[in-house]
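Think of it as A, B, C, D, E and F in the order they're written, each chain with its own count starting at 1.
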Amino acid sequence: MSAPVITNKVRAEVLVQALPYIQEFMGKTIVVKYGGNAMINEDLKAAVIQDLVLMSCVGVRVVLVHGGGPEIESMLKRVGLESRFVAGLRYTDDATMEIVQMVLCGKVNKDIVALLQVAGGKALGLCGLDGGMLSGERLRKDGVDLGLVGDVKSVNVAPLLDALEKGYVPVVSTVALGVGPDAGLSLNVNADTAAAKIAVALGAEKLVLMTDVRGILRDVADPDSLIKKASLSELDVLVADGIVSKGMIPKTECCRVALEGGVKKAHIIDGRIPHSILVELFTDEGVGTMIE
Amino acid sequence: MSAPVITNKVRAEVLVQALPYIQEFMGKTIVVKYGGNAMINEDLKAAVIQDLVLMSCVGVRVVLVHGGGPEIESMLKRVGLESRFVAGLRYTDDATMEIVQMVLCGKVNKDIVALLQVAGGKALGLCGLDGGMLSGERLRKDGVDLGLVGDVKSVNVAPLLDALEKGYVPVVSTVALGVGPDAGLSLNVNADTAAAKIAVALGAEKLVLMTDVRGILRDVADPDSLIKKASLSELDVLVADGIVSKGMIPKTECCRVALEGGVKKAHIIDGRIPHSILVELFTDEGVGTMIE
Amino acid sequence: MSAPVITNKVRAEVLVQALPYIQEFMGKTIVVKYGGNAMINEDLKAAVIQDLVLMSCVGVRVVLVHGGGPEIESMLKRVGLESRFVAGLRYTDDATMEIVQMVLCGKVNKDIVALLQVAGGKALGLCGLDGGMLSGERLRKDGVDLGLVGDVKSVNVAPLLDALEKGYVPVVSTVALGVGPDAGLSLNVNADTAAAKIAVALGAEKLVLMTDVRGILRDVADPDSLIKKASLSELDVLVADGIVSKGMIPKTECCRVALEGGVKKAHIIDGRIPHSILVELFTDEGVGTMIE
Amino acid sequence: MSAPVITNKVRAEVLVQALPYIQEFMGKTIVVKYGGNAMINEDLKAAVIQDLVLMSCVGVRVVLVHGGGPEIESMLKRVGLESRFVAGLRYTDDATMEIVQMVLCGKVNKDIVALLQVAGGKALGLCGLDGGMLSGERLRKDGVDLGLVGDVKSVNVAPLLDALEKGYVPVVSTVALGVGPDAGLSLNVNADTAAAKIAVALGAEKLVLMTDVRGILRDVADPDSLIKKASLSELDVLVADGIVSKGMIPKTECCRVALEGGVKKAHIIDGRIPHSILVELFTDEGVGTMIE
Amino acid sequence: MSAPVITNKVRAEVLVQALPYIQEFMGKTIVVKYGGNAMINEDLKAAVIQDLVLMSCVGVRVVLVHGGGPEIESMLKRVGLESRFVAGLRYTDDATMEIVQMVLCGKVNKDIVALLQVAGGKALGLCGLDGGMLSGERLRKDGVDLGLVGDVKSVNVAPLLDALEKGYVPVVSTVALGVGPDAGLSLNVNADTAAAKIAVALGAEKLVLMTDVRGILRDVADPDSLIKKASLSELDVLVADGIVSKGMIPKTECCRVALEGGVKKAHIIDGRIPHSILVELFTDEGVGTMIE
Amino acid sequence: MSAPVITNKVRAEVLVQALPYIQEFMGKTIVVKYGGNAMINEDLKAAVIQDLVLMSCVGVRVVLVHGGGPEIESMLKRVGLESRFVAGLRYTDDATMEIVQMVLCGKVNKDIVALLQVAGGKALGLCGLDGGMLSGERLRKDGVDLGLVGDVKSVNVAPLLDALEKGYVPVVSTVALGVGPDAGLSLNVNADTAAAKIAVALGAEKLVLMTDVRGILRDVADPDSLIKKASLSELDVLVADGIVSKGMIPKTECCRVALEGGVKKAHIIDGRIPHSILVELFTDEGVGTMIE
């Protein structure tokens, strides 16, 4: 980062300009779903970590939910587990689930915790098993058995509130603890959806989904066609008009879950832009699509 | 303030650069003596207010001690009270003291409180009488009676701690409550000295004195000769060498009182530079002389 | 005070007789509007101060709201500001408001605080600006602009509760912080009305207005015709019958505001009688008119 | 009590005169040993109860320790248990101890509790068994076995502090729980001594012993010869000179235990004077002998 | 107790088997009415004490309410007070009430407290007078004056909650403080009913009545005909059918009071079986009749 | 578990016999190092989980530190990483450390957490990275570089205390966060040593090491030669005499670290005996060697 041109005058101005945003979010809870390039590229990763520590320092209650697809893929390959598909959907057998849990909870999660600690933050690496945070059941899509893929049935916010109260940033791997017929099983649950449900359960102010796209574009080919803001009903129209693309639909569905559950705003932001969370929160100019 | 050239990239960088400084001062107590041009010039005043609110938002425990010489002078003139001198020193009679208290506690203090509130801060306007915060006795310099000029004998930090605990910035007028032979009298005490004694009593991390000069200059004529850092023993040499000028000596004496009482660092900063407190605290580059 | 005839037997009896009253008011909030002769005559002032400290000691949560008309008048004269009238009402221009704030918040308020401290109490001198306690707007009576005369729009009880929780008697000057179109202005608000609104906001048990009359008299010429108790509907009749005199009407209107807002009882008491608050609270015999 | 002559003026004066004493004892712990006529005469009893409730209301932390000799005697007679003496000292056998405990803890104690509750106080009736407050061993005077007469070996203040913290006046019967070789036995311990040891364990400000005499008299025949104040060393002289009479010696020994254990002052007061505790605490004029 | 055959394996198994029951009752409030043989037989008494301490240790909030009929009878005989009957009901005159209070509060209650303390528990011996816990009025059955027999009009749970919060087992004698026309009187109230009303006021999970029978038997002559569980409506049928016997009816009525007041379950257990409370709570197999 | 022969009488007896042990450990902190067969055999694992939940339920503050050698070995083999040895010691390269962290923190740790949750406990799965709990440096034994094998330099107990305060059993994987020259690295630290240092830092009552042997045997061939208790100095003799075997020495060294750091007692217990922790804690008979 080359910052020699930033004078103290500019520094002071920026800090002062950030003040109203800091005041707005002090004490508010914000759930960030972390994934994509921002979790792979080292510079972007460093920027995200700094953003989270800064947010935590100025009194924002941040909960970080992360995915880890590429790391899981890579480890599955290393141990020679091939992906099996059932009716076109990936099947998670026991051996795969073991790797999923190990990679998510043991590698991705704790690595993020270490980075936050080194950057001066306070973090606790948790998963849905800890304190019974995420209770799930096996997901059967149209009657198809997908193995240990699960659906979050309920969120116990106690471990998150305990951690936030003590000043930690909870970092959450989305492995859920099976209940009912699946009692005691570790289940692999979708991180976006889990983030949305956690945000609802916490009565969060915002859900922020970090993606590898600019946001919702009116014309996929034109990055300047970004839709900066949309209501849920406008979103319906965008979906009906085919403007919300296939790949984007699960993201917007998560936003819907969050908003219908009482979260004030949901943001689909571009994780490829350094410090995109910070810019989204602490400046006038958003860096993606806000749904409210 | 024209800031169109500040991009979000710069904003993010600045915020992130400020992070280690914010972390350093979170939860620390800093006593700021506010005075001079920064209290008269409207732009500077606005900048100071923003700095204080920002510091308070990011978890710094700020206590603001203010003077008010010019406003007192002006009001004394309006009511036709002439300054009387005894052995070359100004004498504070009862009528003068009445005006001093009114102007400090009723005008200067509460105007600052209003500005902090409007800027989104939380402030309480107190003086040394409130909760018995400052106990004083009449000051007799070499046996000369100076009327109601007082010396702070003890600081009761309870009202300050009560205010800080509840999240307020205490704004303090330095009128002390007479004790002993002067029981019940309002006494006019020097604001710099009071700030130093308050900093000591609070076990503050820093005492910041806002002045109308660049700091201690090796050559008064050359602003580039600023001494950025000095120890107490180096200060002795500077005084002995006549480098610390007459007008600066009371300021350095306050710093000495603070440091000898356990305050970590004392800063003589240039209040004519906008956001000088912010720059001093949250950047690498100081804007005055630090004594430690 | 000559009390040689008071034997210990009498002392014990009196204390014991006061016990049920003390028990009745322990932990209750009582707002006292302090003004008139009781604020000018030194003996009466001393008696009021003792009453407040005693009430505070036995667990009553006392909030003291004060006026300061005569002191303001006198200072306006000293600085040569003449009262200007618009449509028969006094106009408060900027220069006048500056004096009003200075005298109320800097002189009257802090002098009371000093007296309470010297008498062994714990007091904090606040005004409507502190912690944003009183938000106001300019009052336009029948479209007439009265300058910086304001009306209390809302009461933020947080600074009062914070002070009471920490054991202080909050002493309140009724300068309000302008909001809306009058944002940031200091406004001069009527102390009686402010006291009533504060009592309502605090859910106070009692509002006590100290006046320079016996209370509501059936026959102004006959002090024995005191009406000791009246309901709001009886008050209506008294006003209709012309028994509540011109000067008394604003006082009774304040009582109405308080009672309609949930305050249990409002008292118009005679501040010229030493210890009238104490007698009103801690004995069977009232010293004025109680409205309930 | 005929109090028609007490005007409100007198009432106010008395309350205000009591203020400094109230301030002095707010939050202080005072242990009162209650006994003698003040516990038998109904008027005196009512006065003591009122005094205790008043003290509690104005923030004094009162612990009441009581005896009950006459009530025990009377019940022993009713059940036909004769006092047995060993070497001139009364022997407490099991049957007697049963009666002692019943009368002290079940009758005297709970009757006082009921009176305090009816007078508007909050009281808990405890004995040395409750929460293991008083641990004792059998007392062997010069090798003589006195049965279940015990000596307090240690005081566990937890139950007293728990009760005081919750706002109760703990009323204490001095039955101790045997430890060591006497484990589990109920022991009859001297109430004066127990009160002194409780005062020491609580770090009390004062121990007040209610007796049926004026205090220590220089000439037993002359009530005007009351010694109002004595130090421990002066007490030694008084004992050596035979001025402290036989019956008074155990009382002064208790005072010595208390003072040597850190209690500030011990008072031997005349319980036959109505409201003697109140007068002792809240007026200038003591009603007995103060030892310090 | 000879337990040499109990191996560590069995010990571990038993503790582990008890775990789900311990988890079920942690933090729950259980009111136990203690009486009958379990209060007379020394072995049974020791077992009850151990059960209570164990329950308290594993986090159950236990309130013990006790009777004391046989002890009262015996003391009345010793002092020569004969029972008087009015319209077939026992009349409690002042002299009798004095004995009742003494025996219950001074002997039975404090003896239980001592046993609990010696067994390592923490106990406070209270009665309905303490802290105004039980307010009562004289009971007039069909207009017949029964003297100082009372009925519990209201339960002030504050002293119980204060004791439980501090970790004590409150041991309660059922003497109530008269209110209304009976203000200040000590009243003798039925312990079973008082226990039921206390359970309701505390929102207890369970009311456990210790009796000297097996529970409700379908055939009184056949201990194997025990009815293990009954709903309130089934109870109605049992009463109508004459299966609930005369002596059992007051017990079942207490259960009804408790259940209708919100207590989850009421148990009539056989106090003649050692550790019957423990077995009832911490094993699958009940030892009496549960009404729900 | 076949328990039909266990009567309720036995159950009650066992529970009551356990009472003094429960009382002894209520509120005490106990660090358990979990490993060996007890972590592999499903029945033993279930027994350990039940023991931990039970201990937690009866108020013991349990911290569980676990190893995971066999699971790590197995995963290393699956990904084809061969163990490399340097000067006879295993070298941990980056690829190996990645697997170590994943298996410990992601698999072993979270599986234990899930089991505790399913058994009704409350658990949080942490590692030395979380909240900066374990700070380490690379271990260089006699100058030999062992890669990412680390040594615990300091223990930050805050995350453990935060978890215990909120009622969780912290389950700890011994991965440390590198500091100093190794800043930010994940280091593999020995679990026994880490457990000992955690016990010291927490001021624990006990350190319990679960092993696969009976304890220290005088004659390895004779299980009846178990040494049930030894002091540190006796341990010295046992080591000198060659009675403490090679494999046992690291265990006894951990005990020494714990005891010298203030832990009261260290236990080497036989994890192959079901419920060995429970038996050790809650019965008279130990199941291994206690060092004190």
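Miscellaneous remarks
We adopt the following convention: a residue touches a chain if its C-beta (ideal position, glycine included) is under 8 Å from a C-beta of that chain, and two chains touch if they have at least 3 such contacts.
Predicted, not measured: the structure shown is a model, and the values here were computed from it.
Minimum number of contact steps separating chain B from chain C: 1.
Note on connectivity: the fewest steps through touching chains from chain B to chain F is 2.
Using CA-based centroids throughout, the chain positioned farthest away from chain F is C.
Centre-to-centre spacing of chain A and chain F amounts to 35 Å, using the average Cα coordinate of each chain. Chain centres here are Cα averages; for chain C and chain F they lie 68 Å apart.
Note: centroid distance chain A to chain C, computed from Cα atoms, is 56 Å.
Residues of chain E in contact with at least two other chains: none. Taken as a graph of touching chains, this assembly is arranged as a ring, one closed cycle with exactly two partners per chain.
Passing around the ring starting with chain B, then chain C, and so on, the chain order reads B, C, D, E, F, A. Against chain F, the residues of chain E that register as touching in their complex are 1, 3, 6, 8-20, 22-23, 26, 47, 50-51, 53-54, 57-59, 120, 274-275, 278-279, 282-283, 285, 287.
Across the complex, chain A meets chain F through its residues 75, 78-80, 98, 101-107, 109-111, 113-115, 117-118, 122-127, 129-132, 159, 162, 166, 168, 175, 177, 183-184, 186.
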